Each structure stands twice: as C-alpha cells, then as structure tokens.
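For clarity, chains are labelled A, B and C in written order, and residue numbers in each chain start from 1.
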Amino acid sequence: MSTQQSRSAAKLMLAPAVFLLMAWMLVPLSMTLYFSFKKYLPLRGGDLGWVGFDNYTRFVSSSSFWPAIGTTFLIVGGVLVITVMLGILFALLLDQPFWGQGIVRIMFIAPFFVMPTVSGLVWKNMFMDPVNGFFAHLSKAFGSDPIQWLSQESILSLTIILSWQWLPFATLILLTAIQSLDSDQIEAAEMDGARLLGRFWFIIIPHLARAITIVILIQTIFLLAIFAEIFVTTAGAFGTKTLTYLIFQRVLESQNVGLGSAGGVYAIILANIIAIFLMRIVGKNLSD
Amino acid sequence: MARAISKKNKIINSLIAWTIGLIIFFPILWIIILSFKTEGDAIRSPIAVIFSNWTFENYFVVQDRSDYFKHFYNSVFIAFGSTFLGILIAVPASWSMAFVPSKRTRGILLWMLSTKMLPAVGVLYPIYILFIALGILDSRVGLVVVLMLMNLPIIVWMLYTYFREIPEEILEASRIDGAGLREEILFVLTPMALPGIASTVLLNIILAWNEAFWTLNLTAAKAAPLTAFIASYSSPEGLFYAKLSAASVMAIAPILIMGWFSQKQLVRGLTFGAVK
Amino acid sequence: MSWIQLKNVSKKFDDLEIIPPLNLEIKDGEFVVFVGPSGCGKSTLLRLIAGLEDVSSGQIFINGEDATEVSPAKRKLAMVFQSYALYPHMTVRKNISFPLRMAGVSNAEQVKKVDDAAKVLNLSEYLDRKPGQLSGGQRQRVAIGRAIVREPQAFLFDEPLSNLDAALRVGMRVEISELHKRLATTMIYVTHDQVEAMTMADKIVVLQNGKIEQVGSPLDLYRSPINTFVASFIGSPKMNIIEGVQASKHRSESIGIRPEHISISDTNGTWEGTIGVSEQLGSDTFFHVKCQFQDQSITVRAVGGLELAYGQTVFLTPDQKHLHRFDKSGLRIK
C-alpha cells in the first residue's frame, strides 16, 4: 500500500537510521584511509607526512604478517571445522526424543552466552593452567606431565576455547534447519527403502547445505574479528597473533597508526569479500 | 520431527544427550562450584575441591575490593541504554521498510546488514581519537552510542521481520478509522508487535552485555563494564581462582537466564532470516 | 447522504496500468456491487475510493467535493475488510469504539454508541471478549459494528463473506441487505461471487481487466447482457454460448441461451444430443448434453427429479424469446 502521504512519512522515518549508519561508516572509515597513507606515530613525533602506499607494503612485508595470516587461518579454520561437524551431530542428537530436553538444551546453548573475557580467563586458569588447572590435575592423576596449553599448544588452546563458545551457535542454527525439514520427506524416503545412512546423505545433508553455508559465512566474519579471548589469555604471545590482533597492536600498543590503519584496510576488504557472499544468500531470501 | 521411538532408543539417546550436555556445560558448572570454595581449596585436584568446605566469602570479597556493583551498573546502563536507543531509531525505520517498501528497500536493508560486517579493529583508532576529542572516552554515554551503532542493523532487521508478520489490513483499518501515523504506531502497531519487540530487546541486551572489543578499548576506571572488570583478572595477584569464579558467575548469570528465553530470536537475529 | 463520482480515474502500478481511465457514478443510498473475476481491479477500485491508494490520474468526488487528495480518515467512509482486520489486542468494545476515540468523541458518547451498535448486531454479550475468542460470523459483525458507529457517508465492503462457510454466508447476505434497508446509507460491495451480486445489489458494476463492462440492475444484466463476457458471468449455471452454423442460422457470430430457457424432450426438438453428466439438486436437475455441432456440452435445466440415462438421446429446444445474439466482437446485437 502506499499513498503520497505515507511515502513521505516513510522517507522521514527511515532517515535517522540511514543517516547514523552512513556517518558510522563514512567518518571513521575515511579517517582510517587517511591515516593509512601517512606516517603517523603519536608517541614518537606525531604526523610525519604522506608516504603513499608505503604502509601497505610494509604491513604485508613485516615479519609478523605471514605468521599472523597463518594463525588466523588455523584458528578460524579449526573452529569452523569443529563447530560445523559437531554442530551437525549435536543438532541431529537434539532433534531426537529423549528425557529432559529442556535442560539439555540449556546445557548445550549456555557457552554462547558467556562473555568472551570470562570464557578466556576461565579456560586459561581453571582448566588450562599447567599447575592448578583441571586438565593438569587430570594428567597428574594418570601419571603424565600436564600439557602447557597456552604457552605451547597455544593455537590449539585458543581453537578449543573458541569452539566451545561457538558450538552452540552452529548447533542451534543447524537444529532449526533440521526441524524445518518436513518429516514427510524423510518418511517418504523410508518408504522408498532408504536406510539410516541413505536418508542422512541424500535428504538431510542437502537440506542442511544452505544452513551450513550460512553458519560458515557468519562465523567466519565474527571469528576474524575475535579479540577479547586473545587479549586475556596470551595477549598475542606464543604465536597467537591473528590479523585482527596484529592490527590492534600496531594501532593501540605500538601506536604506529599509519601502519595499523593500512592493516585495518586490509581487514575491511577481507571482511567485505566474505560479506558479499553472505549478502547474496540473505538477499535471495529477502525477495519473498 | 517427534516420532515415536522404542524405549530402548530413547534411553540411549537420553544417555548420550545428557553426557555430552554435561561435558559442554561443565566449565560453567565448575566455576559455580569453585565460587563457593576458599582460594586454597580452589587450586586443589578436582575430587578434593568437591569435598572441601563451601563458603560465601568470595562473593563478598569481590564486591569489597573491586567495586563489582559499579561495573555491574555500567554493564546494565550500557546494555539497556544502547538497546533502547536503538529501538527508538529502528522502530520508525523498520515500519517504513515493512509497510511502505520501495524499489530501494531491499538494497537499503542489505546495506544496513553489511555495516555489521565491518571489522571493528579497522576503525579502532579513528573512534578512539574522536572519543578523546569529544571528551567521551571512558564514558558510559560514549559506549552507549558505539554499541547502539554496532547493533542497529540487527535491531532494524529483526523488527522488520516481525512487522512484516503483522497483517497490513489491520493498519489500513486503523487509518480508515481516523488514526494518524502517530496513533497507528502507538495504539495498533506497537501492541501487536510487542512480543517481537520484546524478543529483539532481549537479544540485543545480551549482545551488548557481552560485547568485548569496544568495552575493553574505550573504557577505563569510570565506565568499565563487567567485560573489562573480568579482564582485569588477567594480571592477578596471589591466588584468585575462587574470586574469579565468583565474579564470573555474577557476570554471566543474568545473561544465561535471558539467553535461555531468546534462542529463537538468536537464530532469527543473527542469521538475518536466511535460516528459518 | 452522499453520492460518489469517479471521473477518468486510472491506476498504474509501476508501469502496469491496472485500471484504464474509468467513469462511474454512484447515487446516494444505492447498494452498488463491483463484481468480476480475480484480478479485474474491483478491490483496487474500492481502495481508490477509500483513499488507501492514490489515483494515478482523474478525480474522485464525494458529495460534489473533490476528495482525490483527502486522506482516508477524512473521507468519512467506513470499510469492512475480507479478513475483518479487527484489532486482536483490543476487546470487542474497544474495537468498535476505536474510530470514535480517534475522532475525539467523549467517553460517555462512546459507550452509548457502542452499546447501540452492539444491540443492532447482536453483540451485546460479547463486548468484553477479544476477537480471538469469537467465531467467524461474530468477528464479521464486530467489523460491521466498527463501521456503523462512525455513521459514515458510505460503507465499503471488500469481499466480506469470502472467509465464511457456505451456510453462514447465506445468512450474512440477508443481514447485510437488511442493514442497508434500515440505514439507507450508500454501500459499495466488492465480490467475485455473482450470486451475492445478484441478490444484494441495486446496481451491479461488472469489471474485467480494470474496465467496466456493464453497469445496470441485476435484472438488466440478466436479461440484456451487453456482451458475451457479462452474459457468461451473470447467471448460474453459465449461459450457453454457441458459435458456428447454429449461430449463423440466426445471423450472428454467436448466440447465447440460458440453461433455464431450454426445454428437453426425448421425442423431438431443434437440437439432437446425448446426455452426459446429470446433476440432481432436488429442486432442479441440470443436464450436460453433448450435441454434435460443438465440443462444449450444453447445460439444460429441468424439473427436479427427472432422471435420464447417461448416453440417452434427447432433443433440446431453445426458447426463441430468450435467445441472445452477439456479433464478431462479442457485442450484443439488438
């Protein structure tokens, strides 16, 4: 429906949100862009002039860059693999009838609602501490040396922590997708002679394909931006500097704003590439 | 998909589900237990911990020494403030897109969602110096504004989907009945969309409460919410497991409860409707 | 007290012209029915009159005043929607008093008017219930009640009976007609059901693809349809339209004869055919007769209880007095 009056009213009502988000986008972004082309060291001299694409090349050629890429890849990839695989299994499990469904669901979902700093510190201290942590006590009980989780198996440790946090998200999404599958389809397949594995492979998995894609895309975007867990556990040490953390350090810790801003631009481009794929899927859904 | 299955299968499913559930929930369970133990007991082996004495002392100590409730209040202020501010701005915007769609509506919605994808670290420095220039670094108000902007796309999106579920004829009937725009939104739309608005508020309070990038980088002594407060335990003095547990339990308890009620909203809000 | 006039009113959605320029006059107190197949624009036309959509061109006059730019509320029209569009979170009483509240009527007045309307519509017992607790027919009446209290210049009905079951529909038809007699207010009624149109209207407007095919009283349309479309649309079962040799015998491109104007005999008549499906309604019997000169069966009405065997040979004789003749473009030949 629309009349002239409602159309003008609508434009007015949309304006604040659009204006605010546009300002939120343009102002800081253009500032980052601006800084990326300058040599700017607030603690050591301030604005030292334009340097063209210098920061961009230096960021990529720095010795921390490729390790950061590797770390990011390992952590994000690891979490994705774990959460999607376990997410599918857990979703299938939660879809079955059993006693105490309500309480079990709370238990499965809870980790997602724990704030990242609590999550990081609890795992670091109460579980992974090589002297007093839960795992340390377990290892001693079995007569072996406790694992130095965060100082040696640091990437694995972070992957475990993040997987614990994001598993509920994947499980919930996939569970929703499974429950939207018509039981008729599965029963028809049963009548057609498909056994458990067949039903799983030919009907459930294809139906889940879209949900899995969405889980992967959304989680990737959020995982790339992970900060607090690293901040409170390793502060980037032991090879746990992700791209995001590297940029943070350049900008706020070593205060090489120009360099950090160039890094920020890289991160933004990367996120946008993934966002394009995600928006395509969302956009298709919007057209109904 | 609830079909009748054999009792034997139900028992097996229950066993597996409960076992895995308990494993996943264990860390939370463990810190609840540790929060009621003395520091000395908290670092002992698990069996010893369980059978040692229970105490409430940690809950008091945390409040005394580090002014827990100030940080709690900051979290409340920031989470509720940013969410309600977002609702104020989003309701008209979502109304407009849901009921007077134009050719550009889809594009605008997608654009808004894409702003959520912006990596915060990419604009960290500009926001940081802007806040200093405006004098709002380490202020609750500053954080309310930033978090509102971070969550606005989700709030707009969720309200949009809930508004679309309202039959448009009812709004048209109110127009014919003489309701102007203000009356239409106030007396007809909002009451009908109340469950949807409540769900949106719930989810976004949770997201704002748990936000741990801006709250860590833009606050210090005055405006630090619970996220930052807990982060201060990363450089502890002496034994601290029990205190950390108590502080953590207090920090996450409200959200765990709210989170339980917002599962469906979580799917709707964070997958942008791509999964139904 | 109102007459409504549409002058060269047209409606476009994007570039698609749903309603080409159209002229129509509705007299004060008339019960006018817009009827036509799905997508003919009847609902759109109603919504243009209501002000819920803007006209793309042309003018709408209400009581001689140009109402084209006036908002829906200020046109003083009341609308009953197909889905009733009741406010689910308000009681029946609040639903009905809502327009009065919007108009700033005093609380005492509101109570009085709501009680009066409720009495007229048999809703007095239900005033404190919410729509979710009412049956379809009751919700219907609440929607009508909400329209009545406004004492509007005209009532607009958008397929109000479509969501009711058949038995309820017949009853409500009578109630709405009685309401019209009692209030003597102009009513514009949209439906795709030609039975509703025929039984309720003072004047019928037949629409197809946004164009007015014919305007007239029910009997006018029944007796003198202006073209084959109106001829087939009005009357149930449909008029038989016959082309070819049988039509040229009457110097026409096609002829039309209603089932009730054909007599059937097993001995002699104008056309020979065989019995196909027969429909026994008790009060009437309808036979679908296959004649040689066309593929389409001819529908014939006969007295209730008459049984003829499938495949039996019969003879049909059309009543010449009620034979309609149409030319190449489907228009009536006088």
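Here is the rule we go by: a contact is a pair of C-beta atoms (placed from the backbone, for glycine too) under 8 Å apart; a residue touches a chain by one contact, two chains touch by 3 or more.
Since the structure is predicted, the reported quantities are computational estimates derived from the model, not experimental observations.
**Q** By number of C-beta pairs in contact, which two chains lead?
**A** A-B
**Q** Can you tell me which chain is nearest the middle of the complex, judged by mean CA position?
**A** Of the chains present, the most centrally placed is B.
**Q** I'd like to verify one number: the distance from the centre of chain A to the centre of chain C, where each centre is the average of its C-alpha atoms, in whole angstrom.
**A** 59
**Q** Where the centres are mean C-alpha positions, what is the separation of chain B from chain C, in Å?
**A** 54
**Q** With chain centres taken as the means of their Cα atoms, state the distance from chain A to chain B in Å.
**A** Distance between chain centres, rounded to whole Å: 16 Å.
**Q** When you check chain C against every other chain, which residues touch at least two of them?
**A** Residue numbers touching two or more other chains: 51-52, 71.
**Q** Hunt down the residues of chain A that sit against at least two other chains at once, touch-wise.
**A** 1-2
**Q** Give me the residue numbers in chain B that touch at least two other chains, ranges are fine.
**A** 172
**Q** Taking the complex as given, what residues does chain C use to touch chain A?
**A** Touch list, chain C to chain A: 47, 51-54, 71.
**Q** If you look only at chain C, which of its residues touch chain B in the complex?
**A** Interface residues on the chain C side: 50-52, 71-73, 77-79, 81-83, 85-89, 98-99, 102-103, 146, 150.
**Q** How about chain A: which of its residues touch chain B in the complex?
**A** Contacts found on chain A: 1-2, 6-7, 9-11, 13-14, 16-18, 20-21, 24-25, 27-29, 31-32, 35, 90, 93-100, 103-118, 120-127, 131-132, 134, 137-138, 140-141, 164, 167-169, 172-173, 176-181, 183, 186, 210-211, 214, 218, 221, 224-225, 227-228, 231-233, 235, 244, 247-248, 251-252, 257, 260-261, 264-265, 267-268, 270-272, 274-275, 278-279, 281-283, 285-287.
**Q** Give the list of chain B residues in touch with chain A in this complex.
**A** 1-3, 5, 9-10, 13-14, 16-18, 20-22, 24-25, 27-28, 30-31, 34, 42-46, 89-90, 92-93, 95-97, 99-100, 102, 106, 108-115, 117-128, 130, 149, 152-153, 156, 168, 172, 181, 206, 209-210, 212-213, 216-217, 226-228, 230-231, 233-234, 240-241, 244-245, 248, 251-252, 255-256, 258-260, 263, 266-267, 270-276
**Q** Once bound in the complex, which stretches of chain A touch chain C?
**A** 1-5
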